[in-house]
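Below you'll find a set of structures to go through.
Look for chain A in each of the two complexes below; its partner is chain B in the first and chain C in the second.
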Partner chain A sequence: MSLADGVILVLGLALTVAAWAAFAGRGAGQTAVVTAGGEVVARLPLDRPARLAVPGPLGETVVEVRDGAVRFLSSPCTRQICIHSGWLREGGAFAACLPNRVSVRVTALDERYDSINF
Partner chain B sequence: MTASISESLVGASARDRQIASLAALAVVVHLAESVLPSPIPGIKPGLANAVVLYALLRHGWEVAAWVGLLRVLVGSLLLGSFLSPGFFLSLGGALASLAMLALVARLPGVTALGLGVAAALAHTAGQFTVAYLWFIPHPGLFALLPAFLTAALVFGAAGGLVVNRLCGRG
Partner chain C sequence: MIRWFLFAALALVGACQAPAPSVTRHEFLAFGTLVSLSFHGLDEALEARAVRAAMDDFEYMHGAWHPWEPGPLARVNGLLPLGGRFTYPPSLRPLLLRAQELSRASGGLFDPAIGGLVKLWGFHQEPRPPGPPPDPEAIARWLAARPSLDDVVIDGLEMVSTNPAVVLDFGGFAKGYGVDRVIEHLRELGVRDAIVNAGGDLRAIGDKGGRPWQVGIRDPRGPGVLARLAVSGDESVFTSGDYERFFEYQGRRYHHILDPRTGYPARGLTSVTVVTREGALADAAATALMVAGPEEWPRVARAMGVEQVMVVTEAGEIQVTPALAGRLQWEKPVPEPRVRPLP
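Coming up: the complex of A and B.
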């Protein structure tokens, strides 16, 4: 291995590491947008654990962010459909508690398309 | 005897025959590789590029360019992928890696190891450029880039080491 080889290897390695740092995990959801009664009440980054109590007509709905995903933790509604939606992590994922008028939507970096099929 | 006959019939020079035999070798490696399963579609060892490296070191860039481009053309004709998206991705990668080789081969003291790594990374970059500009103009495409670059780094170095061994620079 010559000096020139070494330089190329180091540059190539740096490029690859930079690509991992810049692009790995991209395309996953970035932010959870929480709305109540049609108004945006919070934008929660998914990489930071958080718990948010959102007031609605029935009482408080609690939204939890953990491990890059968001979910409804508790809600005063009767059917608990929002709770059963489970964790949302992909860009565009959506869940709502209609009785309490609270919804959560995960926004990705780029949302020009609703879906892509190959 | 046969050489002189073929020369007089089709005007093939010694250099033409070198190109033809190396290109044939590259095509065979390309075909053999195309039936190997891959964990991620599109990631291949790229051993045919080792033949291009060998051509570059032994016969110069021009022969390497012939071998690389003939490999893409003939390989796609035999696999039935001529003018398909895969063909254009392959062509984009080959053109980018040949351009990179033209630059990097000027570095003093560079061996097949460095050439292989630079060519493989350029190949991946060329493929992604074609894929992004033409087929999938979506930033999500670049989520694949780290894995592809890592594979290029590893396989480019491996191919380069093989060629170094072949050229007696172990």
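Coming up: the complex of A and C.
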């Protein structure tokens, strides 16, 4: 095998590995799906910090995305169950404020499953 | 040579990017939970009708079958303790009859007549207000009265209870029965390929253009998915677990699946997953098998006519029936599952 063959082999392998890494990395990205009154109002990628005020029958519920996770930051409901749900980061994780009709669910971008059973 | 490598590299990239099948998903809050609908290959107009139909059906059923909020079932619960014959709302009839059949098949381990016990534990409130478990004497009194669905006589459109302690609560059944009704409605509208998932319990019909639906079964004890199951045709996947609803008091954990024989939360199993065609059967069986516990569940599964079951014990052991064992693809390292044939 000549030097040129070796260089080509290494380049080819490097390209393959880079391509694999790029696309495998994409699968790790996750999104928070926010619904209000039963309709999807936002899809927030978890790798981008964000705050979203969602109006509901009781007032405004604020959802926060930070450090790859999402949570209910504030809510006008009385029991604050949604706030106590804390940070959600796993695909399929779900929390809702039923009184204000707002829900948040974490979904993997690559959608490896059509439905999750639990 | 370079061209060949580039081609090989691009071919690999291409393989990662298989065209996404045209699956659409809709989510909404209904039935006190998150409902998710998945469709494949529907035209827009039919899809919109299907989503509307499912939303309306769940909304209606939630009101009709709520044990306490004013509605048909709450009305029945108000009349049962009086001990007289009364005409019940006819829409409840198929639900009552199927529940009675399944309760009998389970030997009473699934019993929707335990509404009084559910109330003692506070699980009828969402969320359960913080506080201790019920007074043992109150549980003993409930056990002495032993209300069961067999105490309810259904005679045409009239019913009577021979036990004033009967309070109907279709938690552990209504979700399965409701998912069945929505699937039925979707089919009548002309939908062939769909998944209806209500709070994690689902029924799938058809497939994705010849490829099966992929269902992830969540790990009951940790993050992520425990196993993958390919389903097609018509199958329900229901899981009951001790993690779904529970409270802690003085360091002890009490979950919501109550054993009618002891009056306390069922012991021994963390979760039960049942795969079978009918959602109502899957739901009732998952509840009954949780109550049956790690030794008895295969016998109860046989009695109820379900063959595909996976259970996770409190010790973390996975047990699975032969009919399901070959279908599960583990998505994380698991201890060697124990295959348990049904008697």
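In this section, the second predicted complex is superposed on the first by the 79 of 118 C-alpha atoms of A that agree within 3 Å, B and C clash if a C-alpha of one lies under 4 Å from a C-alpha of the other, contacts with A are read in each partner's own complex, and residues count from 1 in each chain.
Please note the rule applied: a contact is a pair of C-beta atoms (placed from the backbone, for glycine too) under 8 Å apart; a residue touches a chain by one contact, two chains touch by 3 or more.
Quick caveat, the model's predicted, so the values are computed rather than measured.
Participant: Is it chain B or chain C that touches the larger share of residues in chain A?
Facilitator: C
Participant: Look at A:3 in the shared chain and tell me whether it touches chain B only, chain C only, both, or neither; answer first, second, both or neither.
Facilitator: first
Participant: Answer with first, second, both or neither: which of chain B and chain C does A:38 touch in the superposed model?
Facilitator: second
Participant: Residues of chain A that sit at the chain B interface in one complex and at the chain C interface in the other, please.
Facilitator: 5, 8-9, 12, 15-16, 19-20, 23-24, 112-113, 116
Participant: Along chain B, where are the residues that touch chain A in the complex?
Facilitator: Chain B residues touching chain A: 104, 107-111, 113-115, 117-118, 121, 138-140, 142-143, 145-146, 149-150, 153, 156-157.
Participant: Residue numbers of chain C touching chain A in their complex, please.
Facilitator: Residue positions touching the partner: 1-2, 5-6, 8-10, 12-13, 16-17, 20, 23, 27-30, 32, 34, 36, 38, 55, 126-127, 195, 197, 200-202, 204, 208, 213-218, 220, 223-225, 228-229, 237-239, 241, 244, 273.
Participant: Note which residues of chain A are touching chain B in the complex, please.
Facilitator: 1-9, 12-13, 15-16, 19-20, 23-27, 109-110, 112-113, 116
Participant: Can you tell me which positions in chain A touch chain C when the two form their complex?
Facilitator: 5, 8-9, 11-12, 15-16, 19-20, 23-24, 33, 35, 38-40, 79, 81, 90-92, 94, 96, 98, 101, 103, 105, 111-118
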